[in-house]
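To keep things simple, chains are lettered A, B, C and D as they appear, and every chain counts its residues starting from 1.
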Amino acid sequence: MKLTFWRTAALVVAALLFLAACGGEEKAPGTPTPGGARQPSGEPIKIGLNIEQSGSASVQGEAYARAATLWAEKVNREGGILGRPVELVIVDNKSDPTEAAVLTRRLVQQGVVAIVGPGTSPTTLAAMDAILESRVPVFSMGSADQIVVPVQQRPNVFKTPFHASQNVDAMLVDMKRRGIQRVGLLTVNNPYGESGLAAWRAAEQRGEIQIVAAEKFEANATDVTPQLTRIMSANPQAVVVWAIPPGAPLARRNAVENLRINVPMYHDAGAGAELFLRLAGQSAEGAFMVHPKTLVWDQIPQSDRQYQALQEFGRLYTQRYGEMSGFASYVWDALGLLKAAIEKAGSTDPQAITRALENLGEYVGATGVFRMSPQDHLGLRSEDLVLVTIRGGKWQLVR
Amino acid sequence: MGLRRWAPLALWAGAFGVGVLLMPIADALPFLTRANLVVFALHGIAAMGLTLVMGFAGQVSLGHAAFYGVGAYTTALLTAKVDWHPLLAMAAGAVIAAVLAALLGRIVFRLRGHFLAMATLAFGLVFYVVMRSWDSLTGGNQGTGGIPDFTLGPLRFDSDTSMYLLAWAVLLLGLIAARNLLSSRPGRALVAMGSSEVAAASVGIDVARTKMAVFALGAVYASVAGSLYAHYVTYVSPESFGLLPSLRFLVISTVGGIDSVWGAPLGSAVVVLLTEGTRELVPRFVSGATGSYEIVAYGLALVLVLLFLPRGLAGGAALLVRRAAEWAGTRRQPAPTAALEEVELR
Amino acid sequence: MSEFLQFVASGVGQGAIYGLVGVGFVIIYNVTGIINFAQGHYLMLSALAAVSLREAGLPAVPALLLAIVAGALAGVATDRLVISPARRHSTLTLIILTVGVAIAVEGLALLIWGVNPRRYAPFTAGPPLEVGGAALSRQTLWVLAVTVAMALALWWFFQRTVVGKAMQACAMNRDAARLQAINPAQMSLYAFTMAAAVAGVAGVVLVPITSAYYDMGIPFGLKGFTAAVIGGLVSPFGALAGGLLLGVAEAVAVGYVSSAMAEGVAFAVLALMLVLRPEGLLAQVRTRWA
Amino acid sequence: MSLLQVEDVTVEFGGLRALDGVSMGVDAGRVTALIGPNGAGKTTLLNVVSGVLRPGRGRVRFRGRDVTGWPQHRVAGLGVARTFQNLQLFGQMTVREHLLVGRYRLTRTSFLEAVLRLPRHFREEKEGREASDALLSRLGLADVADWPASALPYGRQRLVEVGRALASEPSLLLLDEPTAGLSGAEAEEVGRLLRRLAAEGLAVLLVEHHMDLVMSYSDWVVVLDHGVVIAQGPPEQVQSDPQVIEAYLGEEAA
C-alpha cells in the first residue's frame, strides 16, 4: 500500500482512537448522587482559577483543577454561596510566567470576585503586579514566603501551602528526636527546589542543622545517582529530597536500588502521594515525608480538630479520583476560605471579601487550621504538619 | 516639498491610530484583553529583530529569547537594584545584547550551513542555565523582582493601556528604523546579501561583517522588548527566556513572513489570536475541554498556516495584492510572481 | 575511584539514550536537510504507549514492540501529513513545521495520558550489578545492550541493504541521488520512519529507568540534538558516540563541577564544539556513514 | 606594468588542475578577452582575480599591490567589479536599486546614519540617484528603472548586472560571458558599450564564447586550454595560431 496523505491521516486517526481507548487516564466511578439541598439560584458567583494545567508544573495544576471541580460540585449541590451558584473560570497558564500575569488581568476583566492561583512561585511573582492592581483577593499555591510577605505590600494576596520554612521546621523536630545533626540536601533545580534549599540554608544559619552536601538535579533527569553519590561521600546522617514527581520518586529509587543508602531519607510534601508510591514501587518502603494530614486522612483520630474537614475532603477526593494528591487540599482550602469569607461579608465585593478573610478567625481546613489576620495571610502553624512513612505500600502516620 | 516631507509622518501617525483602534477591538472580543495587546506588541518587537536576521542574514536563530532576557535582566538589575533611569537601563541592555551578538556572530559566521542555528541554540541554553545558577546576581530560579514602572519625564506607564501604547509606539519606531535602514545604503546591502552573497561581495559588501551587524541589530530589538517586558511584569525569572520562548519568536517570525518587517507584528497578532482564540473557542465545541485541547489546536493551526502560506502572512498578503493588481489589470509594474515564489532561503 | 566509576556508569546509561535520539536527528538531517524538533516526541510517544499497552494486559514483548511501532507510525505521519505536502517549501518553513508537529503531539499526549508520570517495571528484576565498586542497574545494562544492537543493526542497514545505501547516497548529494532514480520523497519517508523507530526503541528501554510523561519530548530532543552535533551531524555512529560523551560529561560535571551547572556544562560543550570543531569529533567519517 | 597582473597562478580542485601556472596582464583602456574551450579555466581565473578563490600558487597584483587571497569584498573595494556567468541578481530589487547597491564602495552611510536619517544619508542618496540615472540612460535601462530586475527579459537582466558592476565606478571590469543568451543585435550593443568604456580608460577583462564579438571588439586575446595559456596577442594573430585552432577544433570534433 502506498502511503498517501489521506491513507496516513486515516491510519493516524485509527491509532489515536486505539491509544485513547487503552491509554485513557484512570477515572474513578461516577459522581456521587446529588444531595437534597436546595438548588442555588440567581446570578452565579464567578471565581477564577489561574493554574498550571500544562507545562513544567502540570502535575500540580492537575491536582488543583481536580480539587476545584470537586469543590464547585459539592458547593453547588449544597446550595451555593449566599444561595447563589458558584461558577469556576479555569484557565491554563501553561506554567508560563507571562501567561500567568496576562490571565490574571483577563480573569478580572471577566468579572471574577476572587482568583485562586497562580499555583507556583514564579508564576505568582510574575503575576504579582497584575494581582495587586486587580484588588480582588487572590490565593496563591506557591511556596515562596515573599508571596505574602511583607503583608503591607500584599494587601490582597493570600496563600494556602505551608511556607517551605515550616516544612523544614517539622522535619527538624523529627531529626532532633533521632539525633540527626548532619544532613545532605538533594533539591530539584527549579523554583520549587530553590525555596526548599533557601529554607534549609536559613535553618543552618540559625545553627539548627549542619548541611554537609547540597546537590541539585534537573526536573527531567533520568538518573540522579551521581548527585546521591556525591552526597553520600560527605557522610550525612540523613538525606533530604526536595522535589515533586517524577524527580522525588526517582531519587528514592536511585538511592535504594543503586546505592543502597541506609540513612533516613526525608521528602517534602510535594513528593507526591500515591504517585510517589506508584513511581518508586518497592523502593518507597521506609521513606519519610513531612506532609499535611491529608495524606493519611483516614488515620487521623476523631479527637483531631481537623477530623471533620479531612474526612470530607479525603473521602470526596479519593472516591472521585481514586488517589490522594499532596497539592489538592491547597485549592480546596483556598476555595473554602473564600466561601467562608463571602458568607461572613455577606457580599461578593472583592474588598469586603479581603477584609472578611483577614478577620475570619479560625478556619479548620484539610491542609491545617488557618488563622488569617491583617498581619498574616497564611495563618498556618508547622504543628499541623505530620511525619508519615511507607509501610507495606501504604502511607502510615508516624507522629 | 512640504507635503512630501509630512506625508510619511501622517502615515506613521495613522499606523499609531490603528494600534489605538486595536484596543476597542480587543475589548469587544471576549477572549482578548489589553494585556494580550501588550504581549502582542512586545513579542512583535522582539520577533522583528529575528525577522531581520532570518530574512537578510539568512540564518535561523534558536536563541533569540536570550537577547530578550539580556534586556529584561539588565533592566531588572539596573532599575531595581541600583536605581538607574529606565531609558538608561534599556540602552545598557541594548548595548550588552549587541556586543554579545556581535561576539557570537564573529565566531559563528565563519561557519556555514545550519551552524548558526546550533550555536544560537547552545548560546540560548547556556544563558538560561547561567540565569538559573547565578543566584547572587539574578536571583536564580526564584527570579528577581521589584522592577519600577517605566517612566518618561512626567509620564508613568503603569497600566495595560499605557504600557500597550508605549510598546506599540516602540514597535512602530522599530518598523520605521527597519524601513529607514532597508531603503538606504546599509539596508540595500542587507537585502543584496540576503539574495546573493557572492554578488553582494562583488560590489564590496563585507558579508561576514554585515551579517554580524544585522545579528547585533536583531539582538537590540529583542533586548529593548525585554526591557519593556521587565517593566511591565515587574518580575523576571529564567523560565521566560528559555528554549520555548525562543521557539515562540521563531514561530512568530515565520508565520508572519520573513520577507517583510511587517511580518513580525502580523505573526505576533496571529499567535496571540491563535492561543487566546483556541482557549476561548475549543471549550465551546468540546465540552469539558481543558488546556490540552488548546495546545493541540494551536499546534495544528500553526501547521496549517505554514502549509498554506509557506512565505508567511506578509508573503501571502504581498502575493495576494500582486494577484489582485494583476487581475484588475491596473498593473503599472510587471508582476514577477514566479520570481517571488522561487526566492529560497539558504 | 569507585566514585568516578559511578559517574561514568550513570553517564553511559543516560548517554546511550541521548545517542539513540541523536541518531534520528542525523538520519533526517542528512536525507532531507531538516532539523526535526519532534524527534524527542517519538521517544515520549513510545514510552507512554509501552506503559499503556502493558497496563492493558499485553505481555511485555508484544507491548514493547507495538509501542516502538507506534512511535515509528508517528514518524510516518509526520512525513506524510506535514513534510510531504510541504516538500516545495523552504527548509526553514519545514523546520518550523516540525515545531508545530511537536506542539500538537505533546498536546495529544497530554490529552490521552494526562500529566502524571507513569511507571514501567524493569525488564529484569534484581539488584544492580557491582562493577569496580560502582552500581550498574540491570535496566542500564539493557539500555547498553539495546544500543549496541541498534548500532549493529544500523550498520547492517546502511552497508548491506539497498534502501540503506540509497539513503546514504541521498545524504551525500541529494541532486545526484535523484539522478540515480532515487525518489527523495520516498527516502524522506524512510528517514522519518527510521528516526522515529530508533527514538521509540530509546523510549521503551528508558521508561523503566525513569518514568514516562507527556512533556519529556523537548528535553530528550534537546539532548539528542546536542549528541548529534557533537558527533558532527553527519553520522549515526557519531551521534551515538556524541551521546555517550555528553552523558558522561554531564555525570562527571555533577561529580566534580556543580550539579546546578551540569546541564550548562553540556551546552557549553556544545558551544565549544561548534567553535573549535564544527565538523564534529569524528570528522574522518564525514564522507561515510560507517 | 599592467593594471592587473596574474603571475604563475595555479588552482587545484581535489587533484584536478583547473589553472596551471597562468600568467597574464590586463591594461587600462583596453578590452582584453579570455577565451578557450569549455572547462579551460576561464571562470576559475575570474574567480581568483575577484577574490572568490584563493590560488594554490602564484600572485595576483592590482595596481602593483599584491591582492592574492584577499577576500572578495576588499578586492571589490579597490575598484574591481564583475558580473556572473549565471546571473546573480538581487531577488525583488528594482533596476535602480541594483545600481545603488553597486555604488556601495563609493558611499559611507552607516547603520546608525541610515536609521536616524542623518544628513549623509540624504546627500549620498541624492548623489546615488543622479549617478545611477545617468548610467541607466547610458545603458538604455531608464524606462525600466523602477521595475523589479527579475521581471525583465533575460537580455536586459544581463545589462542590469553590467550596470551594477559599472555603478561602482571600477577601474577594472570583469565580465563573465555577458552576451550568453543574447541575440546578435543585443550582443553587438554590448560590444559597442565595451569599446566606449575602454575608450574612457577602463580596463575590461572579458570571458566570452561569442567569437565574432571577441574578434571585432577586443584589443588583446588570451587563450586558455586545460588551465594553461596556449596563446595571447592581438585578435588577428591569435585567430591564426595553429595551437588555438587545434584546441577549438578538438572541441568541435568531440
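Basically, a contact is a pair of C-beta atoms (placed from the backbone, for glycine too) under 8 Å apart; a residue touches a chain by one contact, two chains touch by 3 or more.
Quick caveat, the model's predicted, so the values are computed rather than measured.
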Most remote chain, CA-based centroid, reference being chain C: D
Pair exhibiting more inter-chain C-beta contacts, A-B or A-C: A-C
Where chain A and chain B are represented by their mean Cα positions, the distance between them in whole Å: 36
Distance between the centres, which are taken as Cα means, of chain C and chain A, whole angstrom: 34
Cα-centroid distance, chain C relative to chain D, in whole angstrom: 50
Centre-to-centre distance between chain D and chain B (centres being mean Cα positions), rounded to whole Å: 40
Residues of chain A whose C-beta touches two or more other chains: 53-54, 56, 61, 189
Shared interface positions of chain C, touching two or more other chains: 85, 107-108, 110-111, 260, 263
Residues of chain D engaged with two or more neighbouring chains: none
Chains that touch, pairwise: A-B, A-C, B-C, B-D
Touching residues (chain side chain A, partner chain C) in the complex: 3-5, 7-9, 11-12, 15-16, 19-20, 22-25, 53-56, 58-59, 61-62, 189, 215-218, 220-223, 225-227, 229-230, 233, 245-246, 249-250, 257-260, 275, 278-279, 281
Parts of chain C lying in touch with chain B, wherever the complex brings them together: 35, 37, 82, 85-86, 88-93, 95-97, 99-108, 110-111, 218, 222, 225-226, 229, 258, 260-261, 263-264, 267-268, 270-271, 274-275, 278
Residues on chain C engaged by chain A in the complex (per definition of touch): 3, 6-7, 9-11, 13-14, 17, 48-49, 52-53, 55-56, 70, 73, 76-77, 80-81, 84-85, 107-108, 110-117, 119, 121, 127-128, 135, 137, 189, 206, 209-211, 213-216, 219-220, 251-252, 254-255, 259-260, 262-263
List of chain A residues in touch with chain B within their complex: 53-54, 56, 61, 65, 90-92, 94-98, 101-102, 105-106, 109, 121-122, 125-126, 128-130, 133, 144, 189-191, 193-195, 198
Chain B partner contacts - residues on chain D that touch it in the complex: 50-52, 71-74, 76-77, 81-82, 84, 88-93, 97, 100-105, 107-111, 114-117, 121, 124-125, 128, 146-148, 150-151, 164-165, 167-168
